[in-house]
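Could you have a look at this structure, given as C-alpha cells, before my questions?
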Amino acid sequence: MPLDGKRICGPEGTKSPLLFIPKKQTNLLDDNRKRTDGRHAEDLRPLFLRLGINSQARGSAYIEMNRTKVVATVYGPREIQRRREFDMKGQLLCEFKFAPFSCKVRRQYQPDNEEKALSSVLRETLEPVVCLHKFPKSRVDIFVLVLENDGSALAAAITCAGAALVDAGIDMYDVVIGCGLRQDEATTLVDPVYEEEYRPEDNHQSGEHGNMVLGFMPLLQQVAALQCDGELQPKTVSAALGMLMESCYGIYSIVQECLTESLKNKLKKREKDVTKVIS
Amino acid sequence: ANTDVLVGVKAELDAPESSQPNRGRLEFFVDCTANADPEFEGRGGEDLALGISSALSQAFSSSNCLDLCSLCVLPGQQVWLLYVDVLILECGGSLLDAVSLAVKAALMNTKIPAVTVNTTEEGSSEIEVSDDPYDVNNLEVSKVPCIVTLTRVGHQFVVDATKEEQACSIGHLSVAVTESGSLTAVRKTGSGSLHPESILDILQTAQEIGINLNQQLVEKVKLESSVKKDRRGFLT
Amino acid sequence: MVLERSDGRDCWKTRRTIINVGSIGTAYGSALVRRGKTTIVCGVKGELANSRPENPGDGFLVVNLDLPPLCCPLFKPGPPSEQSQSISQFLNDIVTSSGCVVLSDLSIEGQLVWCLFVDIICLEYDGNVIDAAVLAMLAALTNTKLPKITVSNDNGEIKVSEALEILAVKSQPVTTTFVYQQDGGHVMVDPSFEEEYDAAGILSITLQEDGSLVKLYKPGGLQLPDSVLEQCIAKARSLSKDMWHLLKTVSETVET
C-alpha cells in the first residue's frame, strides 16, 4: 500500500479487531425457513428512496435498504476537457466509492481494485439506459458513495444512480433497477445482507453456489447489467434471473411512486416560486 | 489481425492476507503494450488492463477453481503468492478469451518448488526449499475456467469475434466455464443491453463451447509438452 | 442600517443545525450533521496498533476530512484538495490541543493500543464545513463505543469481547467561523458557500466549555482589526453555548 502523503495516516500495520473474532458458521435459513433477519427467502428488505438530497448537484438520490445506505449525485452534462477524438455520443463518468467506515474492516481513501471494477460495472449498466446521443461531446458525472454496506451495495447503487439521473432530468430510455441474489445449492435468497453474500474464502462446497446482481430496465425488459460469480449452471442462472426480474418489478413500483412524488413536489415548488414572482 | 498474448506465472513466498491466513494468493497483472495498439501508450491501456484483470479475478473467485489452500506453506506466516503477468502483444478481437486460455495454459505449466517446514527446538519454524530443481509440484488446474465471450452483432450472437465484429457490437456477455461445465463468472460488458430471454440460450451455448475449449486446450498443452520440437524463435 | 444576507439571515445568526448520531452500524461511533444545507457524515473506526516507543501506551487518533466530488460541482475526482488537507490538519490540531480524547485512554495492554480513525465526509457543500465537521467529529466521538479487548497472559492471544465500553470525551471544543469584507467590515457568522467565496478573509474560533480558547485559525486573507477580532470572540462565546446545549440534548436523548 503506497503511503498517502496528502492525507493524515495512522501508524503502519494496524489490524482490525475483527481478525481476532473467530468466524461463526450460521445457517442461511433457520428451521422455519426464515433468514437471519426474519425475512423469507424471496422477500426484499424495505426500501427507502429519496430524491434531491443535494441542492448543489443537478440530480441526487439516497437509498436505504435497512442498513445498506447509498448516496448518488449527478453533475453535468459538462464539456469534455481532453478529447481524443470527436464523438457524437456523450460519455458517462462513474465513480463508485465505499466510505472508509462503511464496511466491517476500514477502507482506504484511494480507490482499490474492487472500487475501480465496480465503477466500470456501474458505467456499463448506465450506458444502455441513458440517451447518450442527446448530449454529444459532453460528459455526465455520476458519483456514488456507500455510507454503510450491509449487502447488495452494487444493486442499491444501480437503483440509486438511476434515480439520481431521473432527478437530474437526463434523457433516459427507462429507469434502471438493481437487485442482488445469493444462490446456495437449492436455496435462493433475494436481496442478501452482508452475512448472506457469497464469499469465496469461507466456502468449500461442491454444489452450486454464487452471487448474482441484475440491473434491469423494467419497461423495455432489457438487462443492463448482469454479474455472477461462484459456480453455477446455466439453468440455475436463468431461473435466478427470473426471480430477480420479478423482484425488480417489485422495487420498480416503489421507485415509480417515489419519482412521481418528487416530481409533484418539484412542480408545487415551482408554482409557489412563480406566484411569488408575480405578486 | 491476430490476437497475441503472453502470460508468465511467477511464484514468491509472501505473507498471507490477514483476513485469510491459510490461503495462498493469486494476483493478476495485465500490461497492454504500445506494440498492440498505439493508443495504449502511456496510460491509454489502463482501463482495458483493469477490465481484463478484474474479469480474471472474478472468474477465479470461486474457491474451487484453483485450490489456494494448497499454496499455504505456514498458516498465517508464509504462503505462495502467484503473480500472473499478462502481456498483450496484439489485439485482434476476443482478447479476454485468448487471455483466459493463455492463463490456464501457463498455470498448467507452472511448477512450484517443493518446500519443507522444519520446526526447530525453540518452536520456531524454518522453511527449506528443495535443492533439486526437478523436485517441484504442479498446480491442480482441472477446474480452472476458460472465458467465452458472446458478442451481439445485430440480433445474432457470435463467439470469438474479430476486431471488425466487435466494432459493430455494443453488448457482450463473457462467461467463464470450467471443464465440467460450471459457470464461475458471468458478466455483461459494453454499453448495450440484452434481452432476458436470450440469456439462457447464450449461457448454454457458452457452456458447450467452453467445455470443448477446455478439452482442446488440455490436449494441445499435453501434446506440446510431450513432443520435443525443433523450435525456431520463442513465439512461433 | 441592518443588512440582510442573501438567505434572509441576520449577520450574527447561524443556520439551523441538526445532529443525528449512531446511524451507521459498521462504525463504532457515527454522526450526521446538517448546518443549513451543508451535510457532513462522520464515522469512527478502531483498529489495533502498537504504540510508538517514544510515547509508550499512547493510542492514536487520526482525523481526515474528505471533500469528494459528489458534494459540490467545483470539486474534481482525484487526490484531496488543499482545502480538505488544511481542514484535516485543523481538526487534528483541535483534538490535540483541546485534549478531548486523551491518548493514554486508548491503551489496551502493554504495547497494544487503539488507533481510532475518524473519517469525515462532506455530502453537500454549502459553506462552513469547518464548524459542521468539528460538531460531527465531537458528536461521533461522544457516541463511540469500543469492544473490550483482553490479551491472555499465556500466549498473548487477543480476545475481543462483545461488551462495549464508552469512549471518554474529556472536553467539547466547538468552532465558530466568521467571514469579513475589507478592513473587517460586514462580518458574518456561519457563511454560506457564496459568502465564503466572496469573502476577503475567514476566521475560525474554537472554544471549550470553560471558555478557554483552543484554536484561532485565520488562513491568509486581508488584515483584521483587533476590535473586530474581540467582537468575534465574544460572539463565538455566546453562539457556542447553543452548540453545547445541542450536543448535550443529543447525548441525553441517545441515552434514554
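Here the chain labels run A, B and C in written order, and each chain numbers its own residues starting at 1.
Just so it is clear, a contact is a pair of C-beta atoms (placed from the backbone, for glycine too) under 8 Å apart; a residue touches a chain by one contact, two chains touch by 3 or more.
Since this is a predicted model, take the numbers as computed values, not measurements.
Relative to the whole-protein C-alpha centroid, the nearest chain centroid is that of A. Among the other chains, the CA centroid farthest from that of chain C is the one of B.
Rounded to whole angstrom units, the spacing between the C-alpha centres of chain B and chain C is 47.
With centres taken as mean Cα positions, chain C sits 30 Å from chain A. Under the contact definition stated at the top, the residues of chain A that touch 2 or more other chains are 15. The touching residues of chain A, when paired with chain C in their complex, are 6-11, 13-18, 20-21, 53-57, 67, 69, 71-73, 75, 93, 95, 97, 99-104, 106, 109, 141, 143-145, 147-150. Looking at the complex, you find that chain C touches chain A at residues 23-27, 30, 37, 39, 41, 43-50, 52, 60, 62-64, 66, 68-73, 77, 79-80, 85, 88-89, 92, 115, 117, 119, 121, 123-126, 147, 149, 158-160, 193. Chain B makes touch with chain A in their complex at residues 18-20, 23, 39, 47, 50-51, 53-54, 57-59, 61-64, 170-171, 173, 178, 181-196, 199-200, 203-204, 206-207. Chain contact summary for the complex, chain A toward chain B: residues 15, 19, 84, 105, 113, 116-117, 120-121, 124, 127-129, 132, 200-201, 203-204, 206, 208-210, 216-217, 220-235, 237-238, 241, 245.
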